[in-house]
Every structure is written in C-alpha cells, then in structure tokens.
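Once you scroll down, you'll see the structures, which are given as structure tokens.
Both of the next two complexes hold chain A, though its partner changes from chain B to chain C.
On to the complex of A and B.
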C-alpha cells in the first residue's frame, strides 16, 4: 500500500502542481488518475517513483516513509508519456533490458519478450531501432518495457495516449487482463473518460492539483461529488439545467427560469439544500433522457441546436433557455437542427447540484 | 463563401506519390471531414487546397476558378494546424489579433473580435499570457481562435482538437459545429479520429493510400461502408472482422470459421455467390449479443468485460479471433466463461478477403 499524505508540490514560486493531496494506492488495485491536462497527474506518478520530491507532505509504503529512498531502490516500473527508449538498442533489446538487469536466464527473457511483444502488436518490430518507429509504436515499446518485469508498483503515464482508437481499444483490454493475471498494483493516468471507467478498480479525479473525488467507476458515474466530476466522467459529459426551487407542502419542485418543471423531489431528501440564494442545477446524462412521446407527462421543450453522429447513435444538443442538454437517440431517428422537441426524463434519474456541490443523486435502478 | 473542386489531383514528392489522382467537389457552405490514417494523403490534399503545396497534376478550383498558380495568401483560406505554431514573444491576445493587424483592420474592431472569440473559446483568462506557459490543449485552442478570427471564406482545420480531454473535446466540437451552422463557412476538417469526423461533418471523405475510398454523409459511411477499409476505420468500438470460408449447401450459403458453421441469411446469397469460397466477414459490436438469440450463433470464451456504466464492452474469443460486443450494464459474464454469441443476421457484412490485408495490423500508429 502506498500513501500520499498532505502532499503539496510547487514548481518555482508560482506554479502549484499538487495542493495537499491525500491519496492511497491499495495493494493489487488498478488505480486510474483521471484529469485534464495540467491537473498534476504526472507529478503524482513522479512522486511515487521518487523522481520528484514533494515540497511538503510525506509518501509512505506500508506505513513507512520512503521520502529518502532514491528511485532505483523503490521497485517501481514506469512508462513515460515521452517514451525515453534506448535509441542504440533494438526494440527487442529495449524490452529485454529490465530483465537482463535482473540477471534472468536468456531463454526466459526471450520467452517474455515474445509474449509482451505479441500482446502489444509489436512482434514484427523486434529488430528495429526506436528511431525507425512511429510515435504509437515507440509508445507501445515503452509500455512493454515497463510491464515486462515484476515490480512492486507499475506507474503508467498516459501509456496509450498516442495510439489510434483501434489499438487503444485492443491494448486496453490486454492491459486489464494482464493486471488481473499478475495481481499487479497499477497507477495509470489518462485524459479519456472511457479509459478511466474501463480500466479502474478505482478512479481518482484530479483537477488543478486538487483531488475532486476518488471512488469506483460506479461511484463517480452515478454519485459524482460535484459538478466538475459530473461533467468530466462519462462520454458524452453530463448536461445541466439551471433551476429555481419552489416548495409545495412536503415536496420541492425545481423549475427553469421560464417556469418549466424539471424535477420534483421529496423535501426530506433535500437535507443538504440551503435556502436558495445560490445557483441550483439539475444534471442529466444523455442516456437518462429521451425525446418525449405522446402521453409523457413531464416534458421540457426546447430547440435542437446541434446534431452529432456517433455511428450507432446520435446526440441531439437541445437548447432549453440558456442551457443545452444532450439527448442520445438511435441513429435512424429523424431529427433536424432547428426543430422544436420535448424531452422526457425518468423521475428517479436526477442529479441535483447547489453551488456546484452535489446535493442529491437519485440513481436509476439497473 | 466558396465551393471547391478537385479534378485528377495528384501530389508527388520526388518519386513518392502521396495523392494518386482524386476527384471531389465541396459545395459552398459545406462541412467536409477528410478522414484517414497517417500517410493516407489527407494532409497533402489539404495543403494543396491551401496553396502550401504545388499541385503535381490535375486542378483545384475555388468558386469555379483554377487556383493552381494562385498564392496561398491570395486564396482567402484560413488554417489551424496541429502544430499550432504560435508566436512565442507576443501575448495570446496579440497572437489572435495578428492576422487582423496584418490585414490592416482598425483597433476597435480587432479588440471586439478578439474578445468575442476568446470568450467563446474560454481563452479570456489567458489573453495576457505568453504562449510558453500554455498546456498543449490551451495552445491548440489559441491556434484555432487565430484561424477563426479572420472569418475567411474557407476554413481548413488540421487535427485542431486532437490533444483535448473528453469534456473539452465535446465543447470544442460543438463550438466548431455551431460556428459553421451560424456563418455557413465552407469548412474542411482533416483528422485521423473517426469520432470527430462523424460528429462534425455533413460529409466524410475517407482516404487511404492516396485514394478516396468513400465520400458520403456520416450515417451512410457507418451503415453502408463500401469496403473493408472504411468499415474498419469507422466505428467505436471498432467493427469485428473474421476470415471465413463460404460454401453452397443445397439452396443456402454457409459460412465456416474456427470450426463453426453458420447458415447465411437469404439477403447475403448473391453477395456470397459473387465472392466465391473465401470472404472477410464483419459485424459491428452493437449487433452482437450474448445468448442464443437468432439463427447465427457462435460459441466463445469471455476474455474481459469493461464496465463503462452506461454500457458494458465484452470481449469474447472465438478461436483466435477476439470479438467485442456492446451490452447492457447488467450483462457481466465472468472471465473464461463459455458463452453463446449471436450475430444479428440483418447486420452481417461480407467483403472480399484481398481488401482485408491492409486493415488489421498497424494501420496508423
């Protein structure tokens, strides 16, 4: 188990990379650190590896501080976003390097190199030098060199970020299976929501050096702690409508500024809601809402601003007052930009935010 | 506003041919995405339209006039590059204002336009900074803002949003699309990302090996790919391919693969007859399901399930072939479990095998 305790990292005088982060990496878990560019993801990996020293705070392994331990004594296997391969060695020699360094027998090394190269689809490149590879091929070699050897912890910094969609899909599955098989402890960074949800046993959402939320993919998706997590986890992102509360006996109705009802909730479910001087928003996922049919009671009316094809489905971005809501519809649905539509939503699929903090989530039953 | 027409367009670099003689027309106000892997000729095509590359053979017309010999700056074509070359010594504000100052616009109008575009693209807090402090995503947005601020007659966008995270990608994509809907610029968007191409464009031009493979609206590209290359390049998760043998059994055609045999639906009889004994079969992940739900049932072994919350992606191995299917979040088969796998008979595709070789391995990366 690794722990970051109140880790703060400043570069120079002005740039703060991490702000008092508390983070635990459990044994044998696949932890994804997910956040936008500049969030501090790589800094966490570098601190775990011992390459970067925190400005303040402590790093523990199984309860013991490892701040003083240099990288070479930490047994962390790392894949960098910028590859860092040995340019004078072939792909095969690059992959074998960490195994030679451990004095493994030649036959065993060959076998492992072959297996990893096959998994990553670089078996035909073993004799080439890194300089003759594409960026995506180099990235796969860097990933292979990290995962080829046993290690206490694997630190993978956007290791598939430069691959095309098809390869990313393939290697993602292999990586998940491999981590399972090896019972490995992995910390993996990404800017892709899909990757974070697909791979993580837990996902830590990082933003501007702050930990916004850490939890299972289901926690983050169904019970986001705040509007940032809600809009950052899930593809397409959650949409929001600004509403005003209207108390009606034991219920509170939330209506748009134009008076359209969005949701009605029982007042006792709204303990966290403060008297309304702050902005309140209702969040929807694109698959939690649909185009209204005749007979739907509650419906929001709006106008289609944008239609995005996604192959099997398309997303209609519907303008409602000053907000826009994404609605996922089957690809064959006839719908046009400029069309007036009504949106229906199941009453239990509501996410309510006040001042961007989550107040209540009514999770749809699966 | 401008229409574009290419006739017999060829680009050679020395003895290497990048574009092999292509024809296309882009209507005034149309939004076209040029989609393909690296080295397919898409960037060369765009650069010839912009006037940054000479045309080796054939012609490019803008609004009916051949522009082969018209200089780039006289074409009223604006571009945003992947490598967003920003001027390092001046502020973001001045970077965006640069094309307007060069055009001699008055200061008030420049200020209005710069602030307007900066607000739309969430660049206001950055206006006073120099480029060196920016993340790559931010730099990309500045590059885009600088191209858009001129309001030219043709926009060429070369992978403008490839480095952004999921949320920014949606935001930028919708911004670009609304911009197009509002002003009806003729837009050409060059990308290797099929999702961007489908989401944005009125029509997608899929290129490979210097040739246009298909040019059609997004729904048609996805549902009726003309060949295996297009089928394989478009769609997320990617389409499932498997080599198979075809045979006639009485009145019906059968498909044999990894020791299992399926009877083909009537719909595919003519296609099968035309292909002969070997074919490349394909089915999209949405048209596969776990369970025996129809006539086309295979047996496979579960490799991995990815729970994306709104849907699950299940990888199932049938012999040496790994299939991906999209399932409801409640479908969570165990790793190693042997399951029946049904192909939706209405959505099985067959292609000739010779078209398949260039699909599987190492396309771009």
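On to the complex of A and C.
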C-alpha cells in the first residue's frame, strides 16, 4: 500500500503542481488518476517513482517513509508519457533493458521479451531502433518495457493516449486483463473519461493540483462531489441548469430564472442546502432526461443547437435560457437543429449543486 | 524539390568550380607526397618535374638521421593523453552544466572567455610556471617542467577543455531527462546510467570532441616550440629541425610530413563510425 500524506509540490516559487494531496494506493488495485492536462497527474507518478521529491509531505510504503529511497531501489516500473525509449538500442534491447539490469538469465529474458512483444503486437519490430517506429509503436514499446518485469507498483503515464482508436481499445482490454492476471498494483493516468471509468477499480479526479474526488467509477458518475467532477466525468458531461429555490411548506421547488419548474424536492432531503440562495444548479446526465411527449406535466422548453451522432444514439445539445444541456435521444428519432423541443425530467435522477459543490444526488422529486 | 533543367554551360561551370576548389585543397597534399619520393636534385627544380625515379631516401633520412619516429612517439603520447583528459573531464563537466545548469550559465560563459585571448599571450607565464614546477620534486616526478611531456599535456588540456565543454554541452542537452529517469527505475545506479545510457547517446559528440582535440594537439607548434628543447619535442618541432644551416631539406620534410599525416587519417576514419547524427531520434515523442 502506498500513501501520499499531505504532499505538496511547488516548482520554483510560483508554480504549484500539487496542493496538499492525500492519496492512498491500495494493494492490487487499479487506480486511475484522471484530470485535464497540467492537473499534476505525472507529478504524482514521478513522486511515487522517486524521480521528483515533494516540497513538503511524505510518501509511505506499507506505513514506512520511502522519501529517501532513490528510484532504482523503489521497485516501481514506469511507462513515460513521452516514451523515453533508449534510442541507441533496438526494440528488443529496450524491452530487455530492465531485465538485464536485474541480472536475469539470458533464456528467461528472451522468453519474456517474446511474450510481451506478442501481446503488444510488436514482435516483428524487435530488431528496429525506436527512431524507425511510428508513434503508436513507440508507445507500445514504452508500455512493454514497463510491464515486462515484476514490480511492486506499475506507474503508467497515459500509456495508450497516442494509439489509434482500435488499438487503444484492444490494448486497454489487454492491460486490464494483464493487471488482473499479475495481481499487480497499477497507477494509470489518463485524460479520457471513458478510459478512467472503464479501467479503474477506483478513480482519482485531479484538477489544478487538487484532488477533487476519489472513488469507484460508479461513485464518480452517479455521485460527483462537485460540479467539476460532474462536468469532467462521463461523456457527454453532466449538464447544468441554473435555478432558484421556491420554498413551499415541506418542499422546495427549483425554477429557472424564467419561471419554468425543473424539480421539486422534499425539504428534509435538503439539509445540505445553505440558506444563501445564490448560484444553485440542477445537474443531470444526458440519459437521465428525455424529450417530452404529449401528456408530460413539467417540461423545459428550448431550442436544438447541435446534434452529435454517436451511431447507437444521438446527443442533442439544447439551449435553455443561458444554459446548454445534452439530451440523449434514440438514433432513429427525427430531430433537427433549430427545432423547438421540450425536455422532461424523471422523478428520481436530479443532482443539486450549490456554489459548485454537490448538495444532494438522485433524490426522488415529489 | 523542383529540379530545373540545367544547360551544358551551367554544368561546365559547376564542375569547373569544383575542380578549382579541389585543386587548392588536394594539390598541396599531393605535392607533399610526391616530393617525399623525389631525389634531392629533382625537388627544387624549375619548372617542376612530374616524372622522376622514385626513391625512399627521404624517408630513410627522416627516420634514421633525424630520428623522426622519436618525435612521433612523443607527439602520440602527449596528444593522446591530453585528448583523453579533455574528453573525460569535458564530458563530466558538460554533463553537469547540461543537467544541473551549474552556475546558471555564468560559469559556462566564463569558461569560454578563457579562449578569447591569443595563445601567445599566455606563453610567457606558462614558460615561467613550468620552469619553476620543473625544479620541484613533484614536478620532476610527474614530468611537469620545461622540455618534459607533462608541461605540454597540461597546456593542451587547458587550452582545449573550454571548447570541448561547449561542444559537449549541446550534445548532452539533446538527451531527454526522462531517459535517465527511466534507466534509474529500470534498476541502474547514477553512474551506471551515465555509462549505459548517457555516454552511448552522446557518443557522436564525444567522438567529434576527441577528433578536434587530437588534431589540435597533433598540429600544435607554438607551445611545443617554446616549452620543449629536445626530450619532449613533438613532430612540428621536429620538422622545424630540418631547417638547417645548409638549407631546408625539402625532401625529408615532405617525407616527415607524410608520415605524420597517416596516424591522424587513420584515427579520423576510425571515429567516423561514431559521428552519426540523430542518435536520440525516436527517444521521446517529438
């Protein structure tokens, strides 16, 4: 088990990469660190690897500080985002490098190199130098060099980010299976929501050096801690509508500035809602709402701005007042840009945010 | 690239120019080699004689009477030792300048500034320093004194190191840091990372530096002329001794010069193998 304790990392005087991060990597878990570019994902991996020293804070392995341990004594394997291949060596020699460094027997090295190369589909490239490979092939070599050896923890920095879609899908599946096989502890960074949700036993969402939320993919998707997580996890991201509360006896109605009702919740479910009534937003996923049909009581009216075809369905971006929301509609639905539509809300899938912090999730409306 | 059709006249002009430039470069070398095989009476005749009976007398004279191999031996020892010192010290210094930005660029500039005065400006202080060190026990033991190889080795090393560091810094800067990080994680210690990853990737730079330094040492005349008399003299000083009271012995001079060129040519050809571009190509996403 690895723990970051109040890890703070500053570069120079002004540039803060990590702000007091507390993070636990459990044994044998596949932890995904997910965040936009520049969030501090790579810095966390570098700190775990021993390449970077935190400005303050501690790094523990099984309760013992490992801050003083140099990288070569940490038993961590890492795939770098920019590959970092030994360009003076062939692909085969690159893969064998960590095994040679550990003094493994020739025959076993050959066998392992062959197996990894086969999994990653680079078996025919073993004699080439990295300079003669495509970007995707280099990325696979970098990944292979990291996973070829047994290690206490595998640190994979966006290892499939630069592969084409088909290959990414394949390698992602293989990676997950391999991690399960090896019973390995893996920390994986990505900027893809889909990858984070698909791979992670747990996902840590990082933004501007801050840990926004850590939890299972379902937690993040259904119970985002704040508007950032909600708008960053899931594709399309959660939509928001700015609302104002109207108190009525034991319930609170939330209406748009134009007076259109969005949801009505029981007042006793709203303990977290502070009296200050500024900046309250209702959030919902594109599949939690639908286009209203005849007979739906409450519905929001808006105009279709954009339609995205996903194949199995369409996403309609609908402008409502100053907000824009995504609605998932079946692929065969006839819908056009510019069309006036009404959106119906279900009774049990409303997320409420105040000042960008989640107040309640999925509370049944009344 | 779009190729324009070239007329016959342009082609003639092109090759004419090439021949002209080549004549300036190749002819002196050719004449040196040719002269070294000429009998004395054919060396200085006018018009120059292209047909003659070749003889090895000049080589015999240079090697046996003037003991030229002794100068070659001296030069080899002095040049190779300084080159090794320059490359080793230069590579280590350049690495730390490139990686850790020691001195924030100021020290690096200061080092180069020592190349800004002419060699002749320091020759007198050097002469005095080596005269004095040669009298001490340590100086005698290490051979650092006038007419001793240590004096030239130190001079050449001091003179070539700044340039070598500057040349090497850019080669080390081209090696991505992540490669070193990766090698550390793969289980190598700091020193092993230098040996297995950094220096192999900087090999072209090290080869170029070695070639430049060796050529400089091999051809250096001023320091050798002032700081040596007899026992530590190098080939350039040796050739100078062919300028006798009876006149300049052009035949043996040409023979000695031809012999001195050969080791350098062999060395450069050998190093050419390492002087390849783009060794770090493909290491990181570009």
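Annotations
We take it that the second predicted complex is superposed on the first by the 360 of 366 C-alpha atoms of A that agree within 3 Å, B and C clash if a C-alpha of one lies under 4 Å from a C-alpha of the other, contacts with A are read in each partner's own complex, and residues count from 1 in each chain.
To be clear about the criterion, a residue touches a chain if its C-beta (ideal position, glycine included) is under 8 Å from a C-beta of that chain, and two chains touch if they have at least 3 such contacts.
Remember, predicted model here, so these are calculated numbers, not experimental data.
Model built by superposing both complexes on chain A: chain B and chain C fit together without a clash. In the superposition on chain A, no contact is made by A:68 with either chain B or chain C. In the superposed model, A:285 makes contact with chain B only, not with chain C. In the superposed model, chain B and chain C sit 80 degrees apart as seen from the Cα centre of chain A, a figure rounded to the nearest 10.
Once the two structures are superposed, chain B and chain C can be ranked by residues of chain A touched, with B on top. Of the two partner chains, chain C is the only one that A:88 touches; chain B does not reach it.
When both complexes are overlaid on chain A, the residue A:80 reaches chain C alone and has no touch with chain B.
In the superposition on chain A, A:135 makes contact with both chain B and chain C.
When the two complexes are overlaid on their common chain A, residue A:162 makes contact with chain B and with chain C alike.
By the document's definition of touching, of the two partners only chain B reaches A:173; chain C does not.
Of the two partner chains placed by superposition, only chain C is touched by A:51; chain B is not. Taking the two complexes aligned on chain A, the least Cα distance separating chain B from chain C is 7 Å.
Residues 135, 162 of chain A lie in contact with chain B in one complex and with chain C in the other. Chain A contributes residues 46, 49-51, 70-72, 74, 76-78, 80-88, 97-98, 101-102, 129-133, 135, 138, 145, 162 to its touches with chain C in the complex. By the touch criterion given at the top, residues 37-38, 135-138, 163-168, 170, 173-174, 177-178, 181, 192-195, 198-200, 218-219, 222-223, 232, 234-238, 284, 286, 303-304, 306-310, 313, 315, 322, 324, 326, 329-330, 335, 361-365 of chain B touch chain A in their complex. Across the interface of their complex, chain B is touched by residues 35-38, 121, 124, 134-137, 139-140, 162-167, 169-170, 172-173, 176-177, 180, 191-194, 197-199, 217-218, 221-222, 231-232, 234-237, 285, 287, 305-306, 308-312, 315, 317, 324, 331, 337, 366 of chain A. In the complex of the two chains, the chain C residues touching chain A come out as 176, 178-179, 181-190, 192, 197, 200-201, 203, 278-285.
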